[in-house]
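Note that chain A is present in both complexes that follow, paired respectively with chain B and with chain C.
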Partner chain A sequence: MTQALFYILAGVIVASALLVVTVRNLFHCALALALTMFGVSGVYLYLGWEFLAAVQVLIYVGAVTVLIIFGIMLTRQVMDDKARVMNNQVLLSLLAAGAVALVLYLVIGHSDFQYSNHPALTAAATAPAAEASAYADEVSSLAAGLLKPQNGFAFAFEFVSILLLSALVGAVVVARKDPS
Partner chain B sequence: MISGEKIVQLVSGLLQQVYALLGLSAYAGILDRVVCAVVMFGFVAVFVMFLVWMERKVSAHMQSRIGPNRVGPLGLLQTLADAIKLTTKEDVHPVKRDKIPYFIAPILAFVATFMGMVVVPFDNKMVVADLNIGILYIIAITSFTVIAILSAGWSSNNKYSLLGGFRSAAQIVSYEVPLVLSLVPVIMITGKLNFSGIVQYQQQAGYWFVFPQFVAFVTFIASATAEANRAPFDIPEAESELTGGFHTEYSGVKFAMFFLGEYVAVVVSSAVAATVFLGGWLPPFPFLGFIPGFLWFMLKVLLVIYLIMAFRWTFPRLRVDQLMDFGWKVLIPITVLNILVTGFVVLLAGKGA
Partner chain C sequence: MTEVPIVHYLYLAAVLFVIGIFGVLARKNAISVLMGIELMLNAVNINYLAFAKYWGGGNLTGPVFAVFVITIAAAEAAVALAIVISIYRQLKSANVDDAHNLRG
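On to the complex of A and B.
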C-alpha cells in the first residue's frame, strides 16, 4: 500500500517534470512546475517530514511558481504558444544535468542522513493509535541542529539570513526608478 | 455532559460497526478520512449558505433595510434558492479561453481553502487531523489560491480578468507577510505550531492571547480580510472598475466555486483567529463550562466573521496604491515591532521554549 503510494507520487513528479520542459505554452509549463513541487512535498510527507513538506509548498508553490507565473503573464499573450522547447545547447545542458545527478547520487549514497521520520518506516510498525505522537518533534530538532552553538551551524545560518537581506535590499535598489 | 470528544467517540464507534457490517473493516483508516471529508464538505456548504444570508442581513441592518425575507422563515432559504439557480445555470465560457487552466482554476480556488479546514479544532480532540505543524500547514496550503486566481485571470483571455488576477495576486502575496508575522508572537510564546497545543496553553495560562497580543489580533484580522479579497480590500473584484475581476468570464457552477472558496477562506481565517487569539473551544469563564466546547468555538468564529462583515459595510474601498502602502508601510512594520517586543518579553520572562 505505502509502496504503491510512493510509485504514484514518483509517477506524478516525473510526468509533470517532463511536461515542464516539453509543453510549448509557457503558462502550462508553470502550472506543471507547481504540480512537480507539490509532488515533491508529497514525498516529504510520505517520509514523515511534515515541516519540510509545508515549507516546500510555501516556498516553491506559493512563492517561486507565482513569481514565474507573474513573469510569464507580464511578457506573453494568452494564446501565444510559440515558445521554443529546444535550443542549440542541448548537449551542454545534458552534460550539466548528468553531472548534477551523479554528484547528488554520490553525496546521498555516502551521507548518514536519516531518510525517514515515519515511525512505520523507521522502527517496527507501532500501533496506529499512537500515530501523531510517535513522530519525533521535527521542528524543535531542526531548530536545535541549526542554532545550537556546539553544532557549528549557527554562524552559517545567520550569515545566510544576512545574505538574503542584502539580496532583498539590492533588488529594491535595482528596481527603484532613477530620480533624475 | 456533551463534549466534542464524546461525539467523536460515539460516531467512530458507530462507523466501526457499519464497516464490520459491510465487511470493510480492513479499510477503516481510509474510510474514516473519507467520512471526515464528506462531513466537513457538508458542514462547509451549509455554513457558507448561512453566512451569505447573514452577510445580507448584516448589510441590510447597517443600511436600514430589511434584507431577504421572502423565501423561508426570515428569508433563511434565500441562499438555497440562489444556489440552486446558480448550479442549474448554463455554463457560458469564452471561445478563445485557455481550456485546461480555465477548468482547473475554480476547483483549485475552492479546494485550496477547503483543505485548510482539515486542521481546525472544533473542540478538544474534535479535529480531522491534529497536525504538529497546523499553522504552517494552513499558510502553505492556502497559497494555492494565488495560482488559482492567476490561472482564472489568464485563461479567461479578457483584459479585465487579467488585471483583476494581477491585482489579486499582488494583494495576496503582500498581505500574506503580515498575516504570517502576526501569528509569530503567539508561536514564540507557546513554542507550538499545533492548534490544539495553542488552545491548551491558553487553558493553562488562564488568559486568551487576544489580551496580551491585541495588536497581533488586529493586524491578523486586517490581513485576513485582505487575503480573502473582501471589502475594503476587494480591489481585485472592484465591480465599478473591473466588471468582476478574475471571475468575469465564469458563470454557473464554476462561478459558484469561486464564491464558495471566498467564503471558506473567511471561515478558515476566522477559525484560526478564534483558535489562536480567542481560546478556541474554551469558555470565557470556568462556570460556563457546561456549554459544550464546539458551541463556544462556533460562537467565536461567528463573532470574528461578524467583525469582518461589519468592516465590509463600514469602510469604503481602498485605492491600489493605498492598499499596497497600508500593507507594506503600516501592517508589516507594526507586526515586526510586535515580534521584537514579544521576543524581549519572552526572553526576560525566561519562558521561551
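On to the complex of A and C.
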C-alpha cells in the first residue's frame, strides 16, 4: 500500500517533468516545475527526510519557481505563440539524452544496487552507534553532520554563506539598469 | 511490508536527469534551460537521499551534500535569472541562440 504511494509520486514527477520541457507556454512550464518539486519533496518525505522535504518546498516551490516566474514576466514581451520553443537540434538532443539514459540504465543494471542495503554495511551499521540515531531528531543530526569539526563540512558550511552573499550581490549588480 | 528497492529510486532519478538534459539541450528560451538544470539537480538530490537512507548506515554525508546542492541551486538560479534579464535588455531576446556576440 505505501509502496503504491512512491510509484504514484514517481509518475507525477516524470509526467510533470515532461511537461516542463515540452509545453509551449513558459508560464505553464514554471507551474509544472513547481509540481515536479512538490513530487520530489514527497519522495524525500517517503524516504523519511522530513526536514529536507520542508526545505525543498520552501526553497524550490517558494523561492526558485517564483523567481523563475518573475524572470518569465520580465522577458515576456518578445514571446509570441507562433515562435518555436525548440531549437533546431531537437533530434541531436534526443540522441544525447537517449545515450545518457542508456549508460545510466546499464550502470544501474550491472551494479549491486539491487540490494536494499550495502552488503558490507548490514553487519557494520548496527555495530557502531550510528551517527544519525545518536540524536533525537533529523534536524539535530543534520546540524551535527554539517557543523561538527570532525565531519569536515564546517568550513564548507561557512563558505556557502559567503557564496550566497556574493551571489545575491552579483545578481543585483548584473540585473541593475546601466546608469549611463 | 517490503520496501521500494533502491534501484527504483535510481531509475526515477535517471529519468528525471535525462528529461533535464533534453530540456537543457533542446529548448530555445534561456529560462527553459534553467528549468532543465533545476530538474537535473533534483535528480541528483534524490540519489543522495536514497543512498543515505538505504546504504548510509547513519552516515550523514548524503543529506549534507543535498543541503549544499539546494543552497547552491538557489544561488545559481538568482545569478542566472539576473544574466537572462541583462541579456534581454541588451538583445531584446531571451533565446540562447541569439546570444552569440562572442562567436568569432
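In this section, the second predicted complex is superposed on the first by the 116 of 180 C-alpha atoms of A that agree within 3 Å, B and C clash if a C-alpha of one lies under 4 Å from a C-alpha of the other, contacts with A are read in each partner's own complex, and residues count from 1 in each chain.
The rule is short, and it goes like this: contacts are C-beta pairs under 8 Å (C-beta built on N, C-alpha and C of every residue); 3 or more make two chains touch, one makes a residue touch a chain.
These numbers come from a predicted model, not from an experiment.
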(message) Under the stated touch criterion, name the partner, chain B or chain C, that contacts more residues in chain A.
(response) C
(message) In the overlaid three-chain picture, which partner chain does A:F27 touch, first (chain B) or second (chain C), both, or neither?
(response) first
(request) Could you look at A:F70 and tell me whether it touches chain B, chain C, both or neither (first, second, both, neither)? (result) both
(request) Based on the superposed arrangement, let me know which partner A:Q3 touches: chain B (first), chain C (second), both, or neither? (result) second
(message) So in the superposed three-chain picture, is A:A144 touching just chain B, just chain C, both, or none of them (first/second/both/neither)?
(response) second
(request) Pick one for A:I162: touches chain B only (first), chain C only (second), both, or neither. (result) neither
(request) Could you look at A:A17 and tell me whether it touches chain B, chain C, both or neither (first, second, both, neither)? (result) second
(request) Could you give the residue numbers on chain A that contact chain B in one complex and chain C in the other? (result) 55, 63, 70, 78-79, 132
(request) In the complex, go through chain C and note every residue touching chain A. (result) 1-12, 14-23, 25-29, 31-32, 34-36, 38-39, 42, 45-46, 49-50, 53-61, 63-64, 66-68, 70-79, 81-86, 88-89, 92-94, 96-97
(request) Note which residues of chain B are touching chain A in the complex, please. (result) 29, 96, 98, 100-101, 104, 130-133, 136-137, 139-141, 143-144, 146-147, 150-151, 153-155, 157, 162, 165-166, 169, 173, 176, 193, 353
(request) Would you mind writing out the residues of chain A in touch with chain B in their complex? (result) 25, 27-28, 31, 34, 50-51, 54-55, 57-58, 61-63, 65-66, 69-70, 73, 78-79, 128, 132, 135, 137-140
(message) Under the definition above, what is the set of chain A residues touching chain C in their complex?
(response) 2-3, 6-7, 10, 13-14, 17-18, 20-21, 26, 29-30, 33, 36-37, 40, 43-44, 46-49, 52, 55-56, 59-60, 63-64, 67-68, 70-72, 74-75, 78-79, 83-87, 89-90, 92-94, 96-98, 100-101, 104-105, 108, 113-118, 121, 124-125, 130-134, 141-142, 144-146, 151, 153, 156, 160, 163-164, 167-168, 170-172, 174-175, 177
